[in-house]
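Here it is, the structure, as structure tokens.
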Amino acid sequence: MEFLVRTENLLPNDTPDEVRNRLKSGERERAMELRAEGVLKRLWRVPGRNATIGLYEAADSAALHDALVSLPMWKYMDITVEALAAHPQENQQ
Amino acid sequence: MEFLVRTENLLPNDTPDEVRNRLKSGERERAMELRAEGVLKRLWRVPGRNATIGLYEAADSAALHDALVSLPMWKYMDITVEALAAHPQENQQ
Amino acid sequence: MEFLVRTENLLPNDTPDEVRNRLKSGERERAMELRAEGVLKRLWRVPGRNATIGLYEAADSAALHDALVSLPMWKYMDITVEALAAHPQENQQ
Amino acid sequence: MEFLVRTENLLPNDTPDEVRNRLKSGERERAMELRAEGVLKRLWRVPGRNATIGLYEAADSAALHDALVSLPMWKYMDITVEALAAHPQENQQ
Amino acid sequence: MEFLVRTENLLPNDTPDEVRNRLKSGERERAMELRAEGVLKRLWRVPGRNATIGLYEAADSAALHDALVSLPMWKYMDITVEALAAHPQENQQ
Amino acid sequence: MEFLVRTENLLPNDTPDEVRNRLKSGERERAMELRAEGVLKRLWRVPGRNATIGLYEAADSAALHDALVSLPMWKYMDITVEALAAHPQENQQ
Amino acid sequence: MEFLVRTENLLPNDTPDEVRNRLKSGERERAMELRAEGVLKRLWRVPGRNATIGLYEAADSAALHDALVSLPMWKYMDITVEALAAHPQENQQ
Amino acid sequence: MEFLVRTENLLPNDTPDEVRNRLKSGERERAMELRAEGVLKRLWRVPGRNATIGLYEAADSAALHDALVSLPMWKYMDITVEALAAHPQENQQ
Amino acid sequence: MEFLVRTENLLPNDTPDEVRNRLKSGERERAMELRAEGVLKRLWRVPGRNATIGLYEAADSAALHDALVSLPMWKYMDITVEALAAHPQENQQ
Amino acid sequence: MEFLVRTENLLPNDTPDEVRNRLKSGERERAMELRAEGVLKRLWRVPGRNATIGLYEAADSAALHDALVSLPMWKYMDITVEALAAHPQENQQ
């Protein structure tokens, strides 16, 4: 089942560079793992913002929640999830 | 996977009684089937409104969508769905 | 009478682990008591967020308020309550 | 238990006077009965609008719903209900 | 003239107990005076929140403003006021 | 006591010219009376819309409500009222 | 450039079946063409609603607008478009 | 003084083609006049919608209002206006 | 040209009295100057809040902006401006 | 492709003047470069606020994002972007 996931990154501006860089590289690393597992399928930036829109696939909401919480930046992010329903037209291709 | 489903019934006030009654009894009948199938688990009224909040369980969003569309009143209802994630505390009981 | 209760946990990110853990274990303990008393009937996570949706039962709004205030995390939570009305269909099962 | 009840009257402007008058007098009559029963405790107009704010008392949300549905104008009204919790200060008077 | 007054108490969580208690007892004392003067007529809690809904009566908005500002907790509260219009039905009782 | 009053004119586009003109001239006439009585103190257009913002003065909300209802266009308007409180700076001039 | 496109289908409930079916089959046919052209890349249903979320790719907003207007159901749909920015992480795969 | 003007065209779908075409050509003609007068400076489409965003220049809000009302489609449009303030950076070019 | 200006004063509660008083007296002084210049025409309090609604007159939005920025409290205020259009009825008096 | 870009400057009030001035001059310098490159085409102030509305042109959303992030004040700004579609009327001039 697929989900549309919006994240707003609220990491404070006065976060030390060392902490910020560690979080960002950890975030990228974990994201690549989620891609490899087929959980994170697409990722976009919201233009102008420190924010993303992602297309995720997970067995259910609880599995998606666990995947999102596993991101090192999670506790600094405001996240909203929207459940998507497969459209029958997709199978007609 | 569970979902919280809100419905607002927008059936026009000038709908003939005969049509309204047929829709309402068909709605009740189909709802009881969804209960028997374990899809509709709880149903509440929003006090003061022709509206409900329901707790549904379905394999995924597409299965939930099919269940909701199967309700005779569907095309007269404004429906919003919120995906729920199982809370680990539930298993500690 | 049943209520739908949404909580957003706003505990600051820089809360010391010791304080956070004490609050979380106290929260879990009190929640289990409320379950045992039949006040907290179901609990879900809002996927992606440090937030929950709960189904509560209490004699009235004041009793519900007292139950929510008794949670150790209460003062760090933004809570909204929605009163639910029993639906006659529930009794037809 | 007390509730704050907002109503917006959406009766169409082209409703025949005879129907409108019958609805209004029926509404007033039923409201006076609800007052006599102690269900409708106070009623205000929202200035400038065909709308009211009422203070109701009922055993629970379902009883309140039944009282509101019993109003002849109900099906033409958009109603929102807010559950109120007794404040301990009230008892100190 | 009557007003519906909503307050959200935003006193910071890290306020010293001594300050908090002094504010709360001062608030209660001033509220009882406003009751005695017929300005504060009813008070409810918003269930689950550190918030209230109050029914006030004052000569006009400016007199209401002065009454609200006289509450010791005022500068920590987010307050919204809604002017109520007397409903002619009230006089029919 | 002064009030800020917003009106959105929702008279249907297919209203016959004769009806529209009668409503508009009646509206203007009644508005001039309210000005003469000191109830309507200022009137502005919301640029681009069939809408106005008005500054009214009335004894209380109920008197304002009666004034607004007395406008022939009232039943076609969506009106919102905001109570204003006199600012002490006004008296320093 | 990619876009997230939300559509709410507002075709009136009383549309004759013949018209509705013609619109739906025309819509499907045009959508398949847009897929073949690489304009419509993914399509989901919003669960419970007669609504979709689509992932589109077009040279710019004007080209996207032309593609959406070419859908036979366009004039019955409320559409909102959100511009997506490519995320550099996508190229790291 | 410049203004940002948003229009949503709400002309009913069942408007006869003859009426629609007359309105559209009249709209285009009047818009070209407003361009020639320097009132309408730029016009964009909101992608996916029958809506526009325009940059207008007028002596003041009342002159802008008159220009917008002079558009034949005006009574079918929902218009919102936002006043822009010249930015000193513009003069540094 | 006239404008409706709303201000919310967000000066932090822990601002030293000396700073607060200096800001307030400077604010009052500058406001009186703006009144003398005919820029600030009316000022109201939003009842219950540290907020005002003002009626301003300025040559255009840029002149209004300069007037508002000249207020010592400006950087602590959240301000929203609404352009008003003169109503022809005003001239009929 | 053109974009409408809104910025709210959230630089804290207690930022040292030296830092603030460096950010502002850097912002102006970078903005003038973006103007020279044809990316920033127009800039307005939102009257009364530390906020701007800008008209930008960029190859796509990603290029716009890079331009906005290159502004020294970027991390202190809340930015929202709206994609504009060229209107065919523009070419008729």
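Letters A, B, C, D, E, F, G, H, I and J name the chains as they come in the text, with residue numbers starting at 1 for each one.
To be clear about the criterion, a contact is a pair of C-beta atoms (placed from the backbone, for glycine too) under 8 Å apart; a residue touches a chain by one contact, two chains touch by 3 or more.
These are the chains along with the protein names UniProt gives them: A, B, C, D, E, F, G, H, I, J = Muconolactone Delta-isomerase.
Remember, predicted model here, so these are calculated numbers, not experimental data.
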Chains in simultaneous contact with chain D (Muconolactone Delta-isomerase) and chain I (Muconolactone Delta-isomerase): E, F
Which of B-C and C-E has more C-beta contact pairs: B-C
Listed chain pair B-C, C-D or A-B that repeats interface F-I [over half of contact pairs the same by residue number]: B-C
Chain centre separation (chain A (Muconolactone Delta-isomerase), chain D (Muconolactone Delta-isomerase); CA means) in Å: 46
Whole-Å gap between the CA centroids of chain H (Muconolactone Delta-isomerase) and chain I (Muconolactone Delta-isomerase): 30
Where chain E (Muconolactone Delta-isomerase) touches two or more other chains, by residue: 3, 45-47, 61-62, 64-65, 81, 83-86
Each pair of chains that touches, named by its two labels: A-B, A-C, A-G, A-J, B-C, B-D, B-G, C-D, C-E, D-E, D-F, E-F, E-I, F-H, F-I, G-H, G-J, H-I, H-J, I-J
Footprint of chain A (Muconolactone Delta-isomerase) on chain J (Muconolactone Delta-isomerase) - complex, ascending: 3, 5, 61-62, 64-65, 68, 75-76, 78-81
Chain C (Muconolactone Delta-isomerase)-facing residues of chain D (Muconolactone Delta-isomerase), complex: 1, 3, 60-62, 64-65, 81, 83-86
Chain A (Muconolactone Delta-isomerase) partner contacts - residues on chain C (Muconolactone Delta-isomerase) that touch it in the complex: 13, 45-50
Footprint of chain H (Muconolactone Delta-isomerase) on chain J (Muconolactone Delta-isomerase) - complex, ascending: 2, 4, 28, 31-32, 35, 42-47, 52-53, 55, 82-87, 89-90, 92-93
